[in-house]
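Given below, in the form of structure tokens, are the structures.
Shared between the two complexes below is chain A, which pairs with chain B and chain C, respectively.
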Partner chain A sequence: MMPAYYLEAAVVILGLVLMVMEAFVEKADKSLIAKMGIVGLLVVLVSLFFVSGPAEGDDAPIWSFYAVDPMALFYKGFALVTTILVLIMSLDYRSVLQHYMGADQEKPGAGIGEFHYLPLFTCAGLMWMASAKDIVSIFVALELVTISFYVLVAFMRRNVGSLEAGVKYLILGALSTGFFVYGLTWLFGLSGETELSKIAAALGNDDSAMVRYPKALLFSLAMILVGLGFKIAAVPFQIWVPDVYQGAPTPITAFLSVGSKAAGFVVGYRIMEPFFANHVAPQLVTLILAISGATILLGNLAAVAQENFKRLLAYSSISHAGFLLLALGCSSSTTSPVNVEGVMALYLGGYLAMTLVAFHVMCLVRAQLGSEDLSAYKGLSKRSPFLAGVLLVAMISLAGVPFTAGFIGKMYVFLMALQSRYFVIIALAVVGVGAGFYYYLKVVRAMYWDDAADDQSVQISTLSKVAMLTMVALIVILGIYPTPILNLFAA
Partner chain B sequence: MPWLLLILPLVAALVTALITRKNGTLSAFISLGSVGATLAISLLMVLRKDDASPAFTWIAAGDFTLEIGLTLDALSRGMMVIVTVIGTLVHVFSLGYMEKDESKGRYFACLSLFMFSMTGIVLANNFAMMFIFWELVGVSSYLLIGHWFTKNDPVEAAKKAFLTNRIGDFGFMIGILMLWGMTGSIVFSEMEGGAAEAAAGHGKMFGIAVLCLFCGAVGKSAQMPLHVWLPDAMEGPTPVSALIHAATMVAAGVYMLARVSFLLSLTDAAQVIAWVGAITALFAAVVATQQNDIKKILAYSTLSQLGYMVMAAGLGDTNVAMFHLYTHAAFKALLFLGAGAIIYACHHEQDIWQMGGLAKKMPVTFLTFAIGTAALVAVPFTSGFFSKEMILLTAYEGNKTLFVIAAIVAFLTPFYMMRLFTVVFFGEGRSHHAKDAKEVESVMKLPLLVLAALSVIAGYGFVAGLVFGDLVPHEQVPSIVLVTSLGTLAAGALLGFILYKGKTQEVTPIGFIREKFFLDELYIVLVRLFQDAVGLLAKMLDTHVVDNIASKGTASTVAGLGSLFRRIQVGNLQAYAFLFGVGVILVVYLLVFA
Partner chain C sequence: MNTDYLPILVQFLIAGGFAAVTLLISVVLGKTAQQRSEVKDQAYECGMLPIGETQPRFSVKFYLVAMLFVIFDIEVVFLYPWAVSFQEFVRDGVWVAFYSMLGFVGILFLAYLYALKKGALRWSD
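Moving on to the complex of A and B:
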């Protein structure tokens, strides 16, 4: 057994080693960097099962802002799996990168080595965030993630779309970070503490400024919600999502859509949790529910009109944030034996699998057929039955067909909302799910019913096949037997 | 270890279906390996009297939890032995019978899937799980009946079997839900506790719930009026008929009744069950006397014997029903496999009038078929004799009218079997196929011999007791039952032999019976009338209500909103920052000032 923070250290060291190595790898092919990253992260993933928290009586300062609980460990694994898959995708996406990096014939790999190791730093940030329980460490981890994303989003420097996405993400991201950190300072000012557990304890004390000045407390929470709303792409802070998702290199879009969102929810849950059992709970819950309803509705309805698969998934990602917020909104009132942490983890776990499969397919299609429009998927079932098959599973899971992870996640969210009697939001969510069926199955229709314009097929490497099949298996297994994840979080 | 019973066939089915399907022989041996291993495990469990009942939570939603759990008791252990023994022998027989089939891989994959589903039914500890496997059994039966899907008849038969079963299963589901509501549980052991109270509290509704449950058995065990699928199901490969449509799956209904025997004793509705069984037994035996297809005769015989079992279950004695199920599984599987050997030797000729004189050409098949026939018609000292005595005794003690019906069936059974036996094995070969027939190879002979041995010894207490423990009925049979049994046997067999000895065609053709009382035709007309009426209604609803109001209205609303939201996305950063700011103000307003 080793202390859990060794994992982050290992990931950072791995990233640094690969950074140095990058200089010595032939410019012809930088894929070695990504492959070593994948192997290294797999080792870290395995060692995740052999870590421990503080021993009895160990009060080293690190433990005051570093949590080792089921939630932390689950989301560390989550970050690792996501990063591994993003690296695999980046291998499949190399030809596009080469094109937009302006590499010449002799040195096609020039300038794309960074693309293969930068995700490791993001990963380390995500892992820290999973454990962060102090507003300082939360902020630092969040910024580590965001800053590496700024670089990655704008990575294809000869591509106007990517650059534009980078600028938009940078400016709006900086704006939201400003609000977030402002909210944190208010919280610190009111409580005098940076450690979340101490803030929660202070809430019970009637002399605390947080209790005496509820408006001030609500204001700080509002600022924090603005910052996190940006990360998780909730209405009205979703505005950047379609453009940035579309412009960024596809593996990074996948990373943003899964990693960044999950991190936002972990932090959100950790910060908000004490306030759900408190005098500000009614206002907080009302706001979260309002945002959730708007997010579900806007995400799903806007997706209906999309013809570009990447934009479609961007809106889909917004709508899933809405469902997760609905789960979060049930924190204060649910009585069910499944708890909010469990349902969020289950939902995000399924979301990881199905979203990454969809983006993986998109990477391959973009790299080899040169398009991200739905029309490129016409007749894919005849040209590349494997790709069409895995994308079919991902789509029906995103839509929420029974026996998939997507269904189970939604089912528990609906169940909790029913127990909490949030009937208005449930009605909105039902409309959202209905619209979802339409646009997800639109992709399926293109693949299976429409005729192909040509008979170009897509080559798939064994590594990618294994990765996609693993995710498909995960979708099905979670869809039939979600209990392990729920048990992980059972009290 | 009991989990292996479920996992092995599932893995075998997946591996053979997904990986090795192209390689038929390899698939066959994977499938055989899995069924052999489950046989060993079942026998071990019976010997050790394992009754650990492992379970884990599958779904927890609110106060409701659904378990995947196994029941291990004398009943399920014994049933597992039946399923795996017959299953193994049928797998072995199939090695020979399906040797030249082009899609052997698919065939064995389906067999493994069937073994998985059947095991699930037998071991399930709650109704939800049983229902899932119940449906899975339906699917695998569908796949196997339609194995030769390039021909029209198997496809039609598969469809018919599936749909007919669905009707029964619908009732089954309603029954499950009703009983769940009444007893507050779907786990068998918990239902047993709440059943008496529920029966007292709900009166007639309880009886209706039990009858709905029985609908499931009516479908799966092919009782009147849903019996029509079973004779048609004979279009499938003959080993499948032996395994699924004679020994195991069709017995699932009877098994289910035995599993919930505590419900049957609480309500008068059980009388209905007994009558359905008796009528089926009689009807099927009558129809069997006029069939010309060897497999159809055996199929109607199966129907008739299943009717016996259901009757016994309805009269409250499920142990007797299970005992007959157990002996019947052995000798009927034997008869079907024997028929398979004959059909195989006669180049897929199934008309008994095209056979004849096979006794000399296929001595092993002849001998084993004779033993199977003897057991079916209940010749003393064969297994069928013991179980049929018990059935007759149950009927005698329970209801005298039913006893008379059972006695008539006991007369008809030896009659139609002697007809079959005489026509197929004696006289001259009546077609060149029959004249060229040769004894089958040893891989097919072996299961016949094993089953023949089992058909004789299975009824004795020392064997039956091993399999079913205390559940085997022992009772002194009064002489009137014994006399009836022996008298009907002698009369029926003699009449059959005399009438059909040396004949080359039907001596007493009765079209009405040969055409199964025209029930199939009646169903077709009824279904068509009903379908047309519903279809017309649905079409009107669809064009006038759904299309105009629901679809077009919703679609245009959604599309309008969609393009509205799309317009927000102007792509201009200043505008985005502005909207972001508006959002911040909105959030602060809502949270702090609203």
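Moving on to the complex of A and C:
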């Protein structure tokens, strides 16, 4: 057994080693960097089962801002799996990257090595964020994630779309960080503490400024919610999402839509949790529910009209943020045997599998057919039955067909909302799910019922096949037997 | 009124006053030399030429050097407060203060090697 923070250190060291190796071993093929990263992260993923929290009587300073609980371990694994799949995708996406990195005849792989090891630093940030329980360490982890994303989003420097996405993400990311840190300073000013557990303890004390000035506390929580709203793509902070998702390199879009969102929810839950059992709970819940309802409605309805698959998934990602917010909003009132952490983890776990499969297919189609429009998916079942099959599973799971992870996640969210009697939001969510069936199955229709323009087939490497099959298996297994994740969080 | 913040107000007044006084002096003194000529109106020394593109393109090397400067500047900013409190930490046997700074400087060193190898500091070519 080793302390849990060795894992983050291992990931950072792996990233640094690959960075130096990429710069100094010029002869090596750049895809070797990604492969070494994948192997290294797999080792870290396995060692996740052999870590421990503080021993009895161990009061080293690190344990005051670093949590080792089921939630932390689950989302560390989540970050690692996401990063591994993103690295596999980036191998499939190389030809597109190479095209937009400037065709240097002497050094064909120039600049691509960085694309393969920068995600490791993002991963370390995501892992740290899963454990962070002090507002300073939350902020530092969040910045590590965001800054490495700034580079990755704008990576295809000869592609106008990627540059535009980079500028938009940089400006809005900085703005959201401003809101977030402003909220944190108010929270610190009211409580005088940076440690979340001490802030929660101070809430019970009637002399605390947090109790005496509920409006100031609400202002601080609202600012934090705005800052995180940008990260998780909630309405009305979603405007950057379609453009950035469309412009960024596809593996990074996948990373943004899964990793960044999960991290936003972990941080949001950790910060908000004590306040759900408190005097500001009614207003806070109303705020979250209002955002949630608007997000579900706008995300799903705007997705209906999309003709570009990447933009469609961007709006789908917005709508899923709405459902997750609905789960968060049930925190103070749910009485069901399953708790909010469990449902959020289950939903995000399923979301990871289905979204990454969809983006993986998109990477392959973009690299080999040269388009991200839905029209490129016409007749995909004839080009590659395998790709069409896995995308079919991902799409019906995203829509929420029974026996898939997407269905189970949505079912539990609806269950909690019903118990909490949020009937208006449930009505909006039903409209959203209905619209979801239309636009997710539109992709399926294009793949199976429309004819392809030519008979070009799509090649898939064994590694990608294994990765996609694993995720499809995860979708089905979670859809039938979600108990392990729910048990992990059972009190 | 919180008197602790009075010095800040005074500083604002001095800063504003300084700007106003210098502008005023240059106007007053400038009046004595009314004979303007083309040569006198030209930019001199490091002044920008008044005619040309409004957004001239700079070589990307300037940005690279500026970014590297900021990185190593921040390193020094962190090193100072650390150095001040280092002795105290070591006296108390808190060696983590030493190792964490070693890690920080080590990561920066690797980044420096990377920048060097990628030619960020090579000015010619």
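In the analysis below, the second predicted complex is superposed on the first by the 483 of 491 C-alpha atoms of A that agree within 3 Å, B and C clash if a C-alpha of one lies under 4 Å from a C-alpha of the other, contacts with A are read in each partner's own complex, and residues count from 1 in each chain.
Going forward, contacts are C-beta pairs under 8 Å (C-beta built on N, C-alpha and C of every residue); 3 or more make two chains touch, one makes a residue touch a chain.
A quick note: this is a predicted structure, and the numbers were derived from the prediction, not measured.
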*Applying the touch criterion given at the start, work out whether A:Met1 contacts chain B, chain C, both or neither, answering first, second, both or neither.*
neither
*Mind working out whether A:Val20 is in touch with chain B, chain C, both or neither, as first, second, both or neither?*
second
*asked:* By residue count, which of the two partners contacts chain A more extensively, chain B or chain C?
replied: B
_If we overlay the two complexes on their shared chain A, which of chain B and chain C does A:Leu225 touch? Say first, second, both or neither._
first
*Which of the residues in chain B come into contact with chain A in the complex?*
56-63, 558-559, 561-563, 565-566, 568-569, 571, 573, 576-577, 579-580, 582-584, 586-588, 590-592, 594
*Partner chain B, residues of chain A touching it in the complex*: 167-168, 171-172, 175-176, 179, 215, 218-219, 221-223, 225-226, 229-230, 235-237, 239-240, 242-243, 283-284, 286-287, 290-291, 298, 301-306, 336-338, 411-412, 415, 419, 435, 438, 481-483, 486
*Across the complex, what residues on chain C touch chain A?*
96, 107, 110-111, 113-114, 117-118
*Going by the contact rule at the top, pick out the chain A residues touching chain C in the complex.*
12, 16, 19-20, 23-24, 60-61
